[in-house]
Amino acid sequence: MLSAIEIRGLKVEFRAGRKVVPALRGLDLKVAEGEVFGFIGPNGAGKTTTMHVLLGFIEAASGSAEVFGEDVRRSIARRRIGYMPENPQMYRFLTGRELLAMAGRLFGLGGSALAAKVESLVNMVGIEAAADRRIEGYSRGMMQRIALAQALVNDPDLVILDEPTGGFDPIGRIEIRRIIAGLRAAGKTVFFSSHELSEVEKVCDRVGIIARGILVASGCISQLAAPGETLEQYFVRVLA
Amino acid sequence: MRNTLVIAQAVWIETLRRKDLYVLAALLAALLLVFVSLDIFGVRSMVSYIKEIGLLMTWVFAWILVIGVSVRQLPQEEKSGTIFPLLAKPVTRAELITGKWIGALGVAVASTLVLYILLAGIVAARGGMCNVALMLEAWALHACFMAVVAAMGLLFSTRMNSDAAATLTGILSFASFALLPRVPELAGGAGSLQKTALMFVYYALPHLELFDLRQRLAHDWEAMPLEPFLMIGAYGILVSTALLALGWLAYRRKMFNRDQM
Amino acid sequence: MKSCAPCGALRVWLAAVLLWAAAFSLACRLLEMPPPRSEAGRNFASMVFGGVRAEVSEGLFGQADLVYHKGVRAAPRMKKPDWFARMRLQSAPYGHRHLRDDDIVEIMPWLYLATRVDPGNMTAYSVAAYWLAGAAGRPELAEEVLNEALRNNPGDYRAYMEKGRLAMKLGQYSKSARYLDAALARLPGAAGVDGEQKRHDGAEMLVYLGLAREILGAPLAAARCYRAVLELFPGRLKLQERMLALEKTGHSPSSPEEQARAMLYRHGDVCAQAEDH
């Protein structure tokens, strides 16, 4: 079965003046199609860097990364990806509907199909009242919602979410979990990172823990954590 | 091409929704109105000075606008973080650069078209006439000028913040326009090393003065012959393309990492 | 309460423009330049430009000259023009052309602006009056221009000289004679005009005065004027002939009215002589 994400020996380095700072030190990771994978780790572990490699924002120093068998350096790989960044920022001069329409057109959608898609996304994320207002007037929670909507406009097979529940109240988090569950039910792959380990525990099929640029643990939560141990407790134990 | 136009459309919408475009145009219109209203020794029928001042203002307006819009695009996307959801789509760096260029150019060209039409209207209202063919030629070559300056602004903005890119683009474009034609004259009296350096600059920088048909238009000359018009237009397209290609080369390997921004 | 976004943008732009204008004006005033030609007629523009108003005014006068030459700038030509130089010749106006008489008023705005910036720019006033009275066919406007020049430059002989010429064009010979007398009285003390120019102007005024005196029936007074010219420029044989004829017979070889007209409406085409456009 084709992996949705396959990363082999990925190394990423950043330059800080004369110093070379390794961000990823030979990461190996596989995410199967149709699974919800939680990618967790402490701050600066390399979660966002990994996502940025998958999305083509950064080039690796060595190693490889593929999405559905396509090298991530090719723009065609992003056809099947939807991405919601952490603390998302969208074009403030557009309305919510205009942003979704623009995102859809970048994927080749148009006409009545695009209009219907925009409406369904607006309803899905619950911003009907604000969809015709400019994004510059959105609250943080509304910004997260519109960011999630634009990530789903192309009906992606792989959804990459960076801290999707940040800025949401408990009701909002429940809605996000519901959306992720809906994506799983539709056979989509969800790859997301979060500091809210309780949320990860509730939705993920498998988790991967990254620390200092390498994967230190990966698998089903039930197999990783001891009986009665929460994911948070396991997390602290592994990183200690 | 589709992605390029979608990105360009976003630039148009953003510029139209910013207020300073209209304020700038209003200030220029007010200034032109002052000149048009002057009682000049009791004589009323002059139009050449209106064309001259109006065209100068149009060029200054277009120059400020095209630099301001082009240098802002990429740094603003990076600074605000909107570059991430954009590049997460199947958009190549070349499409991004080209889309931003078409966007900046489109805004500037449309604005100047409105100003040219307004100017022709004011001249006609005072009983003067504008050679329509020459006016179209002037606007077309003015568009080439803006294309080159927009490409220059985008090129610099791939590696600098918008303020630095604006300053450099402003200085280079002004120097190319005003000083480049005089370089052979300066080189004539220079030593051999200086002469080589000057002539290198002469051939390397874009000759923006070629696109300026204001004097022909203001002083009622006939339209430019077709062959040189097409050659100068082709030169403008070539220079813009070269600058855009350089911009793409500078941008295609640029890394974007949220943690580093 | 919502803030007004256009008002904010307008405030920023206005502030930027005003700051720039203030800085420019201060720079102009701080420059050590020769004193302005005329202290009379200070206006807002002349206060903004301060000591550089003469130079700015000359620049505007130069623009009038450019308009007269239909936008063709004098520029050095490359011996072997490259592609860029050849294309420049196509895009910029090229050749030697002048405005038609019908269109001569097109130079007026620049002359007007030159006199607003520097009311002491007599050349701008003179040229404006010359063309208004001549090709533009508006002598009454020329008179108003010269009246303004006189108000702003009461001690300048050139204002009186131009008034004298204009009166002569209009056939007002006694008025012309009075103005030319006034101009000649102010000529010796004229500042800001080089000696050679004063000599030529003086000679020209004396010739006009002589012609006016001839027309008014004072041949001997006319001859005295011509004698004064010959003291300045001894080689003028035709003038000498005229003077001697007047002294001897009281009549000149040619009609003074025709002579005056020929002088007044001659446009010295200096372009053809020297400048390569």
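Letters are used for the chains, namely A, B and C, taken in the order the chains are written, and counting of residues starts over at 1 for each.
The definition used in the following text is that a contact is a pair of C-beta atoms (placed from the backbone, for glycine too) under 8 Å apart; a residue touches a chain by one contact, two chains touch by 3 or more.
Because the structure is predicted, anything quoted here is derived from the model rather than measured.
Compare each chain's C-alpha centroid with the centroid of every protein C-alpha atom shown, and the nearest one belongs to B. The greatest centre-to-centre distance from chain A, using averaged C-alpha positions, is reached by C. Interface comparison, B-C against A-B: more C-beta pairs in contact at B-C. In this assembly, the C-alpha centroid of chain A lies 77 Å from the C-alpha centroid of chain C. Chain centres here are Cα means. That of chain A falls 40 Å from that of chain B. In chain B, 18 are the positions where the chain touches two or more neighbouring chains simultaneously. Of all residues in chain C, only 5-6, 8-10, 12-14, 17, 67, 70-73, 75-76, 78, 82, 84-85, 87-88, 90-93, 103, 105-106, 108-112, 128, 132, 136, 138, 141, 144-145 touch chain B in the complex they form. Here chain B touches chain A in the complex through residues 2-3, 6, 9-10, 13-14, 17-18, 80-82, 84-85, 87-92, 253, 255-260, going by the rule given at the top. Of all residues in chain B, only 18-20, 22-24, 26-27, 35, 38, 40-43, 45-49, 52, 141, 181, 184-185, 202, 207, 209-213, 215-216, 218-221, 224-225, 228-229, 231-232, 235 touch chain C in the complex they form. Residues 14, 44, 48-49, 52, 55-59, 75-76, 78-79, 81-94, 98, 102-103, 105-108, 147, 150-151, 160 of chain A are the ones that touch chain B when the two sit in their complex.
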